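What follows is a set of structures for review.
The same chain A turns up in both complexes below, where it pairs with chain B and then with chain C.
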Partner chain A sequence: MRFAANIFLVVKKDLLLELRGKEALSIMIFLSLLLLVVFNLAVDINRDNVSELVSGILWVIFAFSGILGMGKTSLSERDDDAYLNVVFSSVSMESFFFAKVLSNLLFLMIMELFTIVFFVVLFDYERLFSALPGLSIPLLLGSFGFSVVGTLFSFLSTGSRFGEIILPLLFLPLVVPVLIGGVSSTDIILNGSAGDTPGKWLKILLVFDMLYLSISLILFRYLVEE
Partner chain B sequence: MIRLIDINKTYSLRPVLKDINLDLGVGEIFVLFGHNGAGKTTLLKIVSGIMSPTRGRVEGLEKEPICNRIFYLGHNNGLYSELTVLENVRFFQRLFSGGNGDNTIIKKNLSEFGLWQRRNDRVRSLSQGMKRRLALMKTLICDSGFIVLDEPFTGLDLRWKDTIVEKILSLRQRGTTVLITTHLVEEGLRLADRVGFLEEGKLTLIRKRTEIDELQIREMLKGEVCS
Partner chain C sequence: MRYRKIIKALSLLLFFLFPVNFYLIFQVAPTERIMGDVQRIFYLHLSLAISAYIGFGVLFVASILFLIKKNILYDVLASSAGEVGLIFSTLVLITGSFWARPVWNVWWTWDPRLVTVLILWFIYLGYFLLRKSLPERMKKARYSAIVGILGFLDVPVVRLATKWWRSIHPRLSKEGGGLDPLMVKVLLFSLFTFVVFTIALIYFRFRVALVEERITSILNRMEES
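On to the complex of A and B.
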């Protein structure tokens, strides 16, 4: 019960900080819109090929926009050493880490919804809306994986002089399995594939999520120490 | 009792702390003086458990869990700049006590630290001195048995220095052990039960307050500057 209360306390504080500062979400949403425009200019996306490209484009945007937002939420803790309050309180490092993961997950999901809306508007691809209930599971599992790895490494990188360079270098290679799982399951849900179901990819996403979470919970405690 | 045994710290082969041995009694206020770069902050971080020594150990504070038994206030204030004064205090109280902060106590504490009128202002709009007062307030109201303060008087005017000295002295009555570093000799000596002097990573002097006077400390601080 205390574990849940502590998580709620930190998530509520993160939401309040985001409402006031509007740093993480606004920057993520702006970058996702920018990337969509770049994709539109760089790739000839039309009615014929949009369904083949949509899953890849979306997940690349989720990964890149997500990194920025997660860096910001960790910065609010590192800035002025505010995280030390938690270190010296009765709140466990595990519940603090889990709370930061949930805050990042929430921001990621909001950014993803905006990205999907932008995509539908820009490329006139309404199929995304009708498939949204089915897509919610890979989106949730993939975003959770991003959030776990991103929270861990953003805490590491914000304490470093070259943090903004280190974060994507550490984050992107590690989330490749999540990207592959996310792209494949999204593609199957949107386009269907003979004899193939998203179940296999969702299981892979789930396995990697659990793996990331287990390792991160162990490592996070050591990252907090200078 | 908190016991520092053979604490050594090396940064990139450069020794910062050398064989520090120190016992801190329950309810004792120990004030550490030293030149800039002498290793005071590093020592305080090691004692607090947020930095590991290269060699040696701290006894009396088992690392797991350190929660609610020790509190460290460093050069930074540990505040969320986008939250208001009241929101910061409430968040802090809930972290430490679990329940909702008692409004009467919060009002009393904020008034005592001269921050009640600014309770609804965001922390980023406060002056450096006000931020420090808020940080000290949250440090001094937590029920930790051991409080570590790194330059607590930074940014405070004369009036508030006196108030903070009184507040720290009152911790002695509840048995809280306090370890402080400061460059302010007068305030440091008003607080101290014992005094230490850290010089180039070595604890070169430990004396009871009654065995040393202000002039001696000033002479030591005016002495050879660390390279």
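On to the complex of A and C.
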């Protein structure tokens, strides 16, 4: 019970911070909109090819906007070593990490919803809306994987001399399974014929999530002990 | 004294193994019927791949040991093995490319095994960039151990994820089907040579890194006083 209460407290703190400062989330959303515009300029997206391109474009945007946003939320923990107050409180390391993962997950999901709305409006692709219930599962599983790795690595990168530039370099290669699983399952849900199910891709996402959550919960302790 | 003896023994062994290995590969092994002489790259390519995985495996184990025991020696071992792994995996990608051009008619293809090695290569490149960017010694050791552990665990998942793509990588079946018995023997000898070479390289690099470590700590002490 205590575990859940502590998690709730930290998530509430992050949300309050976001509501008052409006920093990480708005940067993520603006970046995803900007990336959509850039994609449209780089690749001519039209009625004929939009269904082929949509899943790849969305997941690339989720990964890039996501990792930059998560870098920002950890930076606010590192400012004045704010997270040390949590470390020295009764909140356990594991529940603190899990709470950070959840609040990052929440930010990611909000950013992804905005990106999907932008996509539908900009490219007139309403299929995304009708498929949204089915898409919610890969979105949730994929974002959870992003959030676990991103939370851990963004804490790691705040101690680095190279700053946030090191973050995508560490993050992107590691989340390749999430990208493959996310893109493939989204593609099958949007374009697959009747017999296709995204089952095996969802399984990969689930395996990745479970593996990295359990390992990160163990390793996070070593990251913050100074 | 013991260190000198080990170095001497390993060097002597390799001095003997390498010429024999190359003689076997270029003179004794039969020429492949379809691919021709270019197939001989395969003996080196596979050996290099195994060696790279040994390097990353040692990095993984040493990283875990460092986090448990907090002994800086394990971190020195991890980074030494990682350097060897990174160099060998670079060579795997290059030799694979040389082989693929005449056989598959492309320099690169998005085959699961190729993608896995490439992703691994990026992960460990990130590992060394992170090390470079952390000035404080213990922090560097702790953070890079975390990346070393997470990176190695990614290998099976990446393999699983990329496996369902069309694979054109030549498979060695369990019965050794398609591979001449003499080829298998040459391959095993090459593997043995490279495993010894990898262990020797990691050991030499580890010794050098220990000296580097000592010099840095002496310099730091001199600056403080």
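One rule holds for everything that comes next: the second predicted complex is superposed on the first by the 222 of 226 C-alpha atoms of A that agree within 3 Å, B and C clash if a C-alpha of one lies under 4 Å from a C-alpha of the other, contacts with A are read in each partner's own complex, and residues count from 1 in each chain.
Note that a contact is a pair of C-beta atoms (placed from the backbone, for glycine too) under 8 Å apart; a residue touches a chain by one contact, two chains touch by 3 or more.
It should be emphasised that the depicted structure is a prediction, and the values quoted were computed from it without experimental measurement.
Of the two partner chains placed by superposition, only chain B is touched by A:R2; chain C is not. Using the contact criterion defined above for the overlaid structures, shared-chain residue A:S160 touches chain C, although it does not reach chain B. In the superposed model, A:V176 makes contact with chain C only, not with chain B.
In the superposition on chain A, A:I204 makes contact with chain C only, not with chain B. In the superposition on chain A, contact is made by A:L84 with chain B only, not with chain C.
When the two complexes are overlaid on their common chain A, residue A:S76 makes contact with chain B while staying clear of chain C. Under the contact criterion defined above, the residues of chain A that touch both chain B in one complex and chain C in the other are 225-226. Chain B contributes residues 45, 48-52, 65-68, 70-72, 74, 76-83, 87, 91-92, 94-96, 98, 122, 138, 142, 144 to its touches with chain A in the complex. Across the complex, chain A is touched by residues 67, 115, 119, 122-123, 125-126, 129-130, 132-135, 139, 142-143, 145-147, 149-151, 153-154, 157-158, 160-162, 164 of chain C. Of all residues in chain A, only 2, 5-6, 9, 13, 16-17, 20-21, 76, 79-82, 84-92, 224-226 touch chain B in the complex they form. By the touch rule above, chain A contacts chain C in their complex via residues 149, 152, 156-157, 159-162, 166, 169-170, 172-174, 176-177, 180-181, 200, 204, 207-208, 211-212, 215-216, 219, 222-223, 225-226.
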